[in-house]
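Below are two complexes that have chain A in common, paired first with chain B and then with chain C.
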Partner chain A sequence: MMKTLADFPAFVLRRPAALLGLALLLVQAAAILFAPLLATHSPIEANPLASLQPPSAEHWLGTDVSGMDIYSRIIFATRINLLISVIAVAVAFVIGVPVGLVVGYRRGWASTLVMRIFDFIQSFPVFVLGMALVSVMGQEIWNVAIVLAILFTPIFARLVRAEALSLRDRPFIAAARCSGATDAAIMFRHILPNALGSSIVQVSISIGMAILLTAGLSFIGAGVRMPIPEWGLMVSTGSQQMILGIWWVALFPGLAIVFSVLSFALMADAARDYLDPRGERSR
Partner chain B sequence: MTADTPLLEVENLSVAYGDRTVLHDITLSLRPDEVLGIVGETGAGKSVLARAMLDLLPGGGRVTGGRIRVGGRDLATLPEPERRALRGGTVALIGTDAKSLLDPVRTVGAQVADVLRAHRRLGAAEAKAQAIELFAKVGIVDPEKRAEASPHQLSGGMAQRVVIAMALIAEPSVILADDATLGLDATIQVQVLDLLVARCRELGMGAVIITHDLGIVARYCDRVEIMRDGRIVEEAPTARFLSAPATPYGAELLGAARARPAPMARAAAKGATERPLVEVVNLVKHFTTGSGHVVRAVDDVSFAIPAGETLALVGESGSGKTTVGQCLARLLDSDGGAVLFRDRDMLGLPEKAFRPLRRDIQMVFQEPYVALNPRWTVERLVGEPLGLDPEMAGAEARRARVREMLELTRLPARLAEAYPHELTAGEQKRVGMARALATRPAFVVFDEPTTALDIRVRAQIIDLVRELQREMRLSTLFITHDLNSVRSLAHSVAVMRHGRIVEMGETERIFAAPSHDYTRMLLGAELPIERYTAA
Partner chain C sequence: MTLSDTWRKLPRPLRIVLGRLPMVIPQMFGVIFVTFMLARLLPGDPALLMLGNMATEESIANLRAQLGLDGTLWQQFAHYMLQVLHGDLGISLFTSNPVATDLMERAPATLELVFYSMLLTVLIAVTVSVVAVVRPRGVADYFSRVYGLAAGAIPDFWVGLLLIFLFFSTLGIAAAPFGRIDPLVTPPPAVTGFYTFDSLIAGDLSAFRSSAGRLVLPVITLTIVNAGALMKMTKTTFAEIWRSDFIRHQRASGLPSRWLVRNALRNSLPPIITLVGFLVGFLLGAAVLVETIFSWGGLGQYAVQAVTYSDYPALQGFVLVAAVFILVVYLVVDILYELADPRIET
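Up next, the complex of A and B:
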């Protein structure tokens, strides 16, 4: 239970699934850091003469309808996709966790109101809400991140609230009050550290979800616009050629999504097992 | 099988988990119509022994040597179907915490009938009829109706009776009671054990009572085995053990179980004019249940505690004694009355104005582990209340005070860096006390400080409280149902029942001549070993 973050790498190294997740993460990190070196072509330069070429020595994963190199676009898209996802989840975490903490610790009409607002957000079908917000705010990368942050904030708030609700009535909180702890100290020093476990796991899960949603929004035309390299948008444009037997345009960015989501899901699993005090034994 | 054949024989039994041997060379036997006590502290291996006798070793334990014979037959050589028939059929186990042993979604009558049907060919209706008959015999009032109840509708004592009925129904020849009355009120404990032992005698069964309470052994057992670290260190008829234990460990346990002689002399010669430090006047606290029913948890309670004295608030669970303590520490808002601290009413104060007073009014919580933040070190936990003390602003001063408190509560300094889960129950209790005493308060509420502790740890905690009281001239409210510790600690006693104080007076007077029927009943349920030991 009292494990520190420093022990986490050793924990990962002992688990093959987590190790795979970590390896995939490192591949993505490399793609982000060294995109210009790894890419063989410009990701946004159209070349009508090389339209829809199958994978070859020149274009490793083929080209799309505008003649853009798919391999290079996938590499550069890692930046966009992970940037959107990480920013969205970070914003949702930073807002959702303290809101959930306060709402869970203090019952009252204001807390009820906040929860009903979250109900309202979460009761919308994700894509309808996404389309509505993006169409109001414009098809920008930042707007996609904001949409996702709005969608994810209630998730973190709910997780922390549930923990805070059960922790607030534990004897050690009463003991802290006897020791003169103020409400703020009880919330942030006593409850928060004990309530964070599930949210930390949720970070990984949410990043995976964010990648899928970004891709989904782009796929239905509510996300980023061409020629920005983005996995979902690439799948979307490629899907039209799929039935003509031109499989490479949609397949490779699709695989990129799969591996990226998988890497975060595996890390989420590892984080959950790591934070669960019974995890080591029940395995 | 002749009358002299032991019902149960354990011969040189050893049990190991992995490489760790937890039972070493245990030999014991149980004759028909005998009640055997097995006594030991936490970790002595009592429960593992009970499970081994049932051939139900939990979690990968295995028998590495010796044998267990039930009715002359060696367990290890029996085929599985016969062993299964033996469990619950010939040897039945009654465990701690009856409610968790019962299936929450089935009626208790059906569950008891199931046991019978597992061991005999019987129709459902007939099994149920026998179950109801047995319910009546184990003292369940209105058995037909109770048989239709789900476990959550029963009180702890009632649930324990159901479990006893479950154990008795297949007419076993051996009953194993593993801490069967742990956590029950004293009066209920006596009823349950009286009943269990009476049924055993009546049916000629043997019983093994596993406990850490020597009072239970003194009252019910014919013979006692003392266990320590997986070994039996002493075996003797109960009377002989109580009058003259043969081993130093046995003597130590016995000494620890005795009440400390005479509560300390009155802290101050009673000046008639001296005002009490804490005075509770007509305190009222109501709770409203989900169905709108109002429970008067504390109903017009008044008492006073002079400086340097201890008042024990005794009563059974649900009497409202813990609620009084929480109202005094302002963990609950009271619904009426006044609490005067140094002649100043503190119930009316807003939280902000009350906060500085917390330095002088502290509380030690009942369950040591759950009252400590699991993610904080001992150093940080003990240092937390020092925020209330303006003189303790510097980190250096705080560290020094924390060291001082650890020393005062006899905790080794190296534990400062430990987390609560790394401590033993006794150490956790001491950390709770170190926290409460860190600001050098004038008044401390002790909520059940001796419950759920092993005999020797309990004695150590009692000694520690006595010492601290003398040194710091503390006033304390001591909330407990452990009458033995009341004798050792309190100057006066208030007996609570249903939210009211039914009797109050000096400790010696209450114990010598209780005037209220309920007090007499409580005292009657106490199982002091003094009654049986040579003075």
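Up next, the complex of A and C:
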């Protein structure tokens, strides 16, 4: 039984955890849309005279070693971090879902081969392969997104394939075939809508994962580069000062990562409970 | 006697191991292939990259031949595969040592870190989730819910920095985040490669104290980030078994609750084993970040250095070793899984 998307907002409003996730998402949306209005300083302008200042009325969250305003950088970084993560997951979804569908519906050597390739990709630790791919392809924003898409595609393909495998022998598929539906119609009109649930939940989880991976890559210098505002890179610039007791440079961008990832995790939880026919199992 | 009869006469553990072992071969092949393709993604000619712009035509041709770059793609892959199987991972451009030697030297540092982190993760995750299930609505139950959600959202490198700030810079009670052992303390002679074990073997208590102290913060960092996922899953699995008929029956028969917990835990073991194996792979990636923060000098820091200096042979070698390590872990996990679950036919 398909639940309609229209009921989802009402479902979210009834749950405090999901509501919190939604609120955090809205804050991020505001930061993305109104970044120039919300920021108090330029996110990329260095000011050597204002280096490493603690939070004050002038610099709400302090400044980093080159005197850039941390609050303004965090606001603008929302654009970069979410842009990379959302694009990466969208590409992985758009490629992974149809591939998983076809591979699950049509068994044969080609399907086996595709799954083996995914096995190979997934047999590497995610962060390690991501790091190697980005540094080999060149450390640019688009390459980070491409690499994340490569790493996430197998996840979606696998989820849809598992669903398609269990659906393909159901009576309603046989009925569709008897009534003359082509393979493509069976796959995309009959199997796909019933196979999407877990992937939709996975979208939200993956965006959170992508934010963490992007931040981690930038932290070790294999991702976005200065002076682009990016949360992981900002934590990285503060990592040396942390030992000296200067806490604000690394603390605040890290908090931004936590809240952002948390918002997507909470939404994923809500979506899972909403789509799970057994009801709110996790309670 | 037919082959299948002989097979069935073998003891079950041996059948499990022999059944799983051949799967390693195609997996290894795939891992080597992906690592090989990684180097092919490099823009430009690796030989030119290694020799620099001043290289002559002849020296480039020589190096290409030496690196096996002058054949077709398949010849090159065969060449690379042969090299890898002989334990030759190339020469690091940064340290000028064979990559294999570099990696061997640094592996124990990373393994020690991963070992203790995994130990603490399992201990905490299993204890908290068992208490949370046995005493619902208690402190452990509440804690595990909030923590299970939050832990997945916290970046490990950030946690490490916060711990350093709190316990080293501010409170001054933690060891300095600069390496595995105090520079004034001589490292113990290598037996296992683990400083904590080796110092005990050598009877060197000051080395033990120093190396154990240095482990505290990085291990706690990795545990905080990892325990959440394991806790969540252990709780779900354990709760399901805790409510099952056979536990209810045992309780009705008057078995002490300590036994009930033990029996329920024994039955939730297989999924826990699988996730632990998965987490080892995750830890290896996380170790890259955590080692950087704590100047750990292990594989992870070597990899970051390789990224920084575009040392591609070193990076390629690290990726390969990491993947092979994971393959071995998954192999062990699969075998343990089948051993732990007697219902699986072999």
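We take it that the second predicted complex is superposed on the first by the 278 of 283 C-alpha atoms of A that agree within 3 Å, B and C clash if a C-alpha of one lies under 4 Å from a C-alpha of the other, contacts with A are read in each partner's own complex, and residues count from 1 in each chain.
In this text, contacts are C-beta pairs under 8 Å (C-beta built on N, C-alpha and C of every residue); 3 or more make two chains touch, one makes a residue touch a chain.
All values derive from a computational prediction rather than experimental measurement.
Superposition of the two structures on chain A leaves chain B and chain C fitting side by side, clash-free. In the superposed model, chain B and chain C sit 90 degrees apart as seen from the Cα centre of chain A, a figure rounded to the nearest 10.
In the superposition on chain A, contact of A:Ile220 is made with chain C only, not with chain B.
Of the two partner chains, chain C is the only one touched by A:Gly232; chain B is not. Contact with chain B, but none with chain C, is seen for A:Pro171 once the two complexes are overlaid on the shared chain. Of the two partner chains placed by superposition, only chain B is touched by A:Pro193; chain C is not.
The larger set of touched chain A residues comes from C, when the choice is between chain B and chain C.
By the touch criterion stated above, A:Ser179 is placed in contact with chain B alone, chain C being left untouched. Applying the stated contact rule after C-alpha superposition, one finds that A:Ala250 touches chain C and leaves chain B untouched. The minimum CA-CA separation between chain B and chain C in the overlaid arrangement is 7 Å, rounded to the whole angstrom.
Shared contact residues of chain A, touching chain B in one structure and chain C in the other, are absent.
Here chain C touches chain A in the complex through residues 26-27, 30-31, 33-34, 38-39, 41-43, 149-150, 152-158, 161-162, 164-165, 168-170, 177, 281-282, 284-286, 288-289, 292-293, 303-304, 306-308, 310, 312, 315-316, 318-319, 322-323, 326-327, 330, going by the rule given at the top.
Within the complex formed with chain C, the chain A residues making contact are 17, 116-117, 119-121, 123-129, 131-133, 135-138, 208, 212, 215-216, 219-222, 232, 235-236, 238-239, 242-245, 247, 250-251, 254, 257-259, 261-262, 265-266, 269. Listed in rising order, the residues of chain A touching chain B in the complex are 1-2, 170-172, 174-182, 190, 193-194.
Remark: chain B residues 326, 329, 331, 355, 358-359, 362-363, 365-367, 370-375, 384-385, 387-388, 419, 421, 432, 435-436 touch chain A in the complex.
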